[in-house]
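Supplied in structure tokens, the structure appears directly below.
By letter and in written order, the chains are A, B, C and D; residue numbering begins at 1 in each of them.
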Amino acid sequence: MVEKYKSQYGSGIDALTYLGQNYLSVDRSLIPDLLRLLRDEEQFDYCVDVTAVHYPKREKQFDVLWILYSFARNERIRVKTQIADGASISSAVSIWPTANWLEREVYDMFGIKFDGHPDLKRILLPDGWKGHPLRKDYDILLQDKEWVQINLGIESGQ
Amino acid sequence: MNPAINTAVNAGMTPVATPFFFYMLAGLAVLSGLAVITRRNAVHSALALIVTLLSVAGLYLMLYAPFVAGVQIIVYAGGIMVLFLFVIMLVNIDRTLKERSFNHMWPIGLVASCLLLAMFMGAFSKGRALFVDRMIPLPEGSNTQMIADKLYGQAGRMGEYTFAFEIASLLLLVAILGAVIMTKKKI
Amino acid sequence: MSSPVNDKTLPNAVSNLDLEAPDKPYLDSNELIINMGPQHPATHGVLRVILKLDGEKVLGTECVIGYLHRGVEKIAENRTYTMFNPYVDRMDYCAAVSNGLGYCEAVEKLMNVEAPARAQYIRVILTELNRIASHQLWLGTHALDIGAMTPLFYTFRDREEILKIFEKYCGARLTTHAFRIGGCQYETYAGFEKDVTNFLTFFAPKIDEYETLLTTNRIWLERTKNVGVISAKDAIALGVTGPVLRASGVKWDIRKALPYANYSKFDFEIPIGTNGDTYDRYLVRMMEMRQSMRIIEQAVGGIPEGPIMGKVPKVIKPPVGEIYHSIEAPKGELGYFIVSDGSTQPYRVRVRPPSFVNLQALDIMVRGALVADVVAVIGTIDIVLGEVDR
Amino acid sequence: MLTSFMSYLGSTMTPGQAGNQLWALIYVLIIFAGVSVAVICMNWIERKALAHFQIRLGPMRVGPHGLMQPFADALKLMLKEDIIPAEADQFVFWVAPLIGLLAAFTVYTVIPFGPSQAVSDMNIGILFMLGVSSLGVLGIVVAGWASNSHYPLMGALRSSAQMVSYEVAMGLAVVSAVLLTSLHGIGIYGVTGNGDTGTLSMIGIVQAQQEQHVWFIFKFFPLGLIAFVIFAIAMVAEVNRAPFDLAEAESELTAGFHTEYSGLRWSLFMLAEYAAMIAVSSIAVTLWLGGWVRPFPNLLQGTAWDFIFSLFPGLTFLGLAGVALLGTVRMPSHSFFKIQKIGLGVFGMLLGSLALLLLVIAIAGRSADMSLAARFNEGIGYVYWFVLKVAVFMYLFIWYRATWPRYRFDQLMSVGWKVLLPISLGVLMLTAVVGVLVK
């Protein structure tokens, strides 16, 4: 499978296995096409999760991951790409509707923007909150003091 | 004193239909009727209308027409007013309060009510000549029966109003069907 | 493995409400915007659903969540692997044991160790007991939402027996923290097997009792049949898992599909539904409780002797790498994605919460239904806000 | 005053018919107090019975077995802050619970607890009852609107739609019972002679059943039974009780029409609801279950049987006293329970002395003469059997609530319009046809 895509897209795809779990490391530009192909041709019809990891020291700070599962093949695969801070990535909502909230959560927690998402706004944190808490530079004790004072009328939420 | 009441007293009953109750109910009916047309808030008007209907029901009772009184309560005060309220509740009160009354026909209304008043006055002054002076007091319960006799007839005979009654019910049936067809997009 | 059957097309994206419509006179247009929650008897916590209604008919919904957000994933990055273990219990607090199992197994996989056989058996027994407890809680509250008060008390009476076993085993009833990375902390207490067997004989007639109250109750049938229907295709597209997916006719259970712990050793069936409506989900969960009893029965008879803790170092320091491991929690696929940078603290822990993803299906399940159905559907999805919000 | 007080004592009419306003007032006060006590008892019984359905104990702390709980609750509700929402329509918000309460209590003027044990025997009794009890829904509708909030408004809308759709089936079922009053003859199918006009009077309806020697529930079996069942369903919907409690469905509309109410005003709604429950049950008892008539008045007649049946009220209270005393004996002997033990004992004694009083009256009044004791005894018998039959319905209300899930709004409407209405129409026509054919 990987070979086929490799020949099609060139060097943008890398197939790896760790602890028996397969993942594809993909260049950001190939993501929309590849995800659609994975669903349509490889029957990965169930998007388990969309998430991200922050590596502040890297040039492309974020890893964005799609965990996919195929009922027909009974197989799980991870698709992984790297993007820089402030860059956006195409949304998978039109491929798997379930990505809607999952992408909103990634946006909420990391500030990664998804192009083509129907309603990209915060999901867990309040709409007016500043900062994206799962970034490594967001300390665990940090909070949006201004928001807390205005909306809750208290000095600190902790 | 009203002769009907006299006989009731003679029959060993305490008169309920005292002038006091008449004036109380009549006054209540008039006052709440006024409230119906003067209140801006539609729900307040509807509540006042219920009071009017109930006091009219009380007046029917005083005329020894309990069946009509009962029907007045069950149909008008109960059923119809609940439907009224059902509709009125959905009206945006804030907006209706701001709007001016849409009815600019008050001169015509004034003329009509003056005519009505004149008619009442005439009936009041000439009443003795126009209507029977003494009503035969009805035994309790026969009012309901009399209505039934008029509507359905007695002992195999057609009643006075049987035909009219059936026509009216047919009309109502048609109206119900029409309403169902109009509101229901697919049956 | 059956493939999805229903081919009803899914609206391309779950559209959201147009709440910004400039001060519309709601009553005049017969459209009502109602806030259901966050303080509402039937939203199972602090879920807030904004309903757009035409009379009683639901035109659309929008879920507002996050009221219970505690930042579990952030906490994980600041705790060691061992310290984070009790935190996972607080996500789906109705099924704390399952959460713990998923986390411990994920870390074990990352470290490439395996829990000893005896620990595996204990884990399966407790997890399945927990599944029953979770389904009992669901049944009681779901029935209460639909207006049947009594099942709630019956299920709580029987759930108590399970909690007693938990309490005797590890001292806690709700947030158990029963498992450790590498096995179990506690050996079974004397009479554990007997307690579990007693529970099985006690509980078998109780399920029948619940079913007597509900399964053929005409009002229950009317309230649940053809309510909140979701086709298999829609369910898969929306990532719905667990009993909700199975009720739509997809025979998929991680315990069978990608076995973990030692589920492959036990003989059980995956109950599935056909219509994907609320009633089917009810039946599926009832059957699941019976299947769980089957598993427990097999497991409790075959607990091997041996150690309960695998060979794990005192300080847990998984090698650099990442792992995704998921288990079949009572509510669906509960997954942990853990990235290790080789230190004692996880670099990133991502929890794939079943309630969160399943809740997304609420909108298409209740569109065109009535307000009363919204309540029934929220109940039938079986969400726990602690897990939705994390 | 004294003469008008004494003059009624020998009468066999209701005070209303006798035109005795003083006694009418006394009856009104007795009924008002009686209904209030009944609501209190019902409150306690509902909580205890519901609790035992649900394997819990219910109130146990305030008084022995929570006997004082309703009083504690009443006190609490009276002392609670009475909140009127700022945006509510103040006047309507204030008047709404009163409408419901007035409607619920006005109905009691025509409920016959015995042939002369009613405030008045109106010749349109049943019509009056249906009419006034349907006014109760106005209170709910208006309360929902006045709260100026979405949930109460939806509760009000549901309530009015529900009332309109169930009133019709209810009325038709009532008409089929009223139809039976015009027949003469004995037994289930026995009809002889020319049918006279029937009656709408509540007392007349019971007397018709007495005359025909059959409760209307068994008349023209199964027609009477079906009409009764329709009424029994519709009346649950009429008073907004489970499974038709859509107007206050707590899991959907938080508390429906009374979401914004609190304190005393809220308790007035509860009072009205329970009073209305008793009232509609009384209609069912009067129309189909022979009202005040004791069981088997014709099969088991004679003074001996009369005497045996007149012992029932005393024996019932004796039984209750026995239960209370048994509870006293079984109370744990710990000093914590001392006051409770004494309280329950005193309560049992009270019940016991009431039982003894009733038994004494039954024995003193066993002769069929017209002595005061005999008349008193007779009256107690009437009221006892009437209340007992009503109590069965009250228990059913609790049972329904414990067992059934709630109907959905559209299902409720379709049950009302598509099931109950056609059936009740059919039953009405069949009753008329059978009545003519059998004659």
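Observations
Simple rule for what comes next: contacts are C-beta pairs under 8 Å (C-beta built on N, C-alpha and C of every residue); 3 or more make two chains touch, one makes a residue touch a chain.
Fair warning: this is a prediction, and the values are worked out from it, not measured in the lab.
Each step here moves to a touching chain, and the least such steps from chain A to chain D number 2. More inter-chain C-beta contacts link the pair A-C than the other of A-C and B-D. Centroids of chain A and chain C (each the mean of its C-alpha atoms) stand 24 Å apart. Centre-to-centre separation between chain B and chain D, using Cα means, comes to 31 Å. Chain B and chain C have CA centres that are 62 Å apart.
Chain B has its Cα centroid 72 Å from the Cα centroid of chain A.
Within chain C, not a single residue touches two or more of the remaining chains. Looking at chain D, residues 157 sit in touch with two or more other chains. Shown for chain B are the residues that touch two or more other chains, of which there are none.
The residues of chain B lying in touch with chain D in their complex are 12-14, 41, 43-44, 47, 50, 66-67, 69-71, 73-74, 77-79, 81-83, 85-86, 89, 140-141, 143-145, 148. Of all residues in chain D, those touching chain B in their complex are 19-21, 89, 91-92, 95, 122-124, 127-128, 130-132, 134-135, 137-138, 141-142, 144-146, 153, 156-157, 160-161, 163-164, 167, 171, 197, 199-201. Residues of chain C that touch chain D in their complex: 32, 34, 40-42, 55-56, 143-150, 152-154, 157, 213-214, 217, 219-220, 222-223, 370-375.
For chain C in complex with chain A, the residues that touch the partner chain are 1, 3-4, 10, 12-16, 65-66, 69, 71, 73-75, 77-78, 109-110, 112, 236-240, 250, 252, 257-258, 321-324, 326, 333, 335, 337, 339, 347-348, 350, 352, 356-357, 360, 389-390.
Chain A contributes residues 18-19, 21, 45-49, 51, 53-54, 65, 67, 71-72, 74, 76, 78, 93-94, 96-98, 100-102, 105, 109, 118-119, 122-126, 133-134, 136, 138, 140 to its touches with chain C in the complex.
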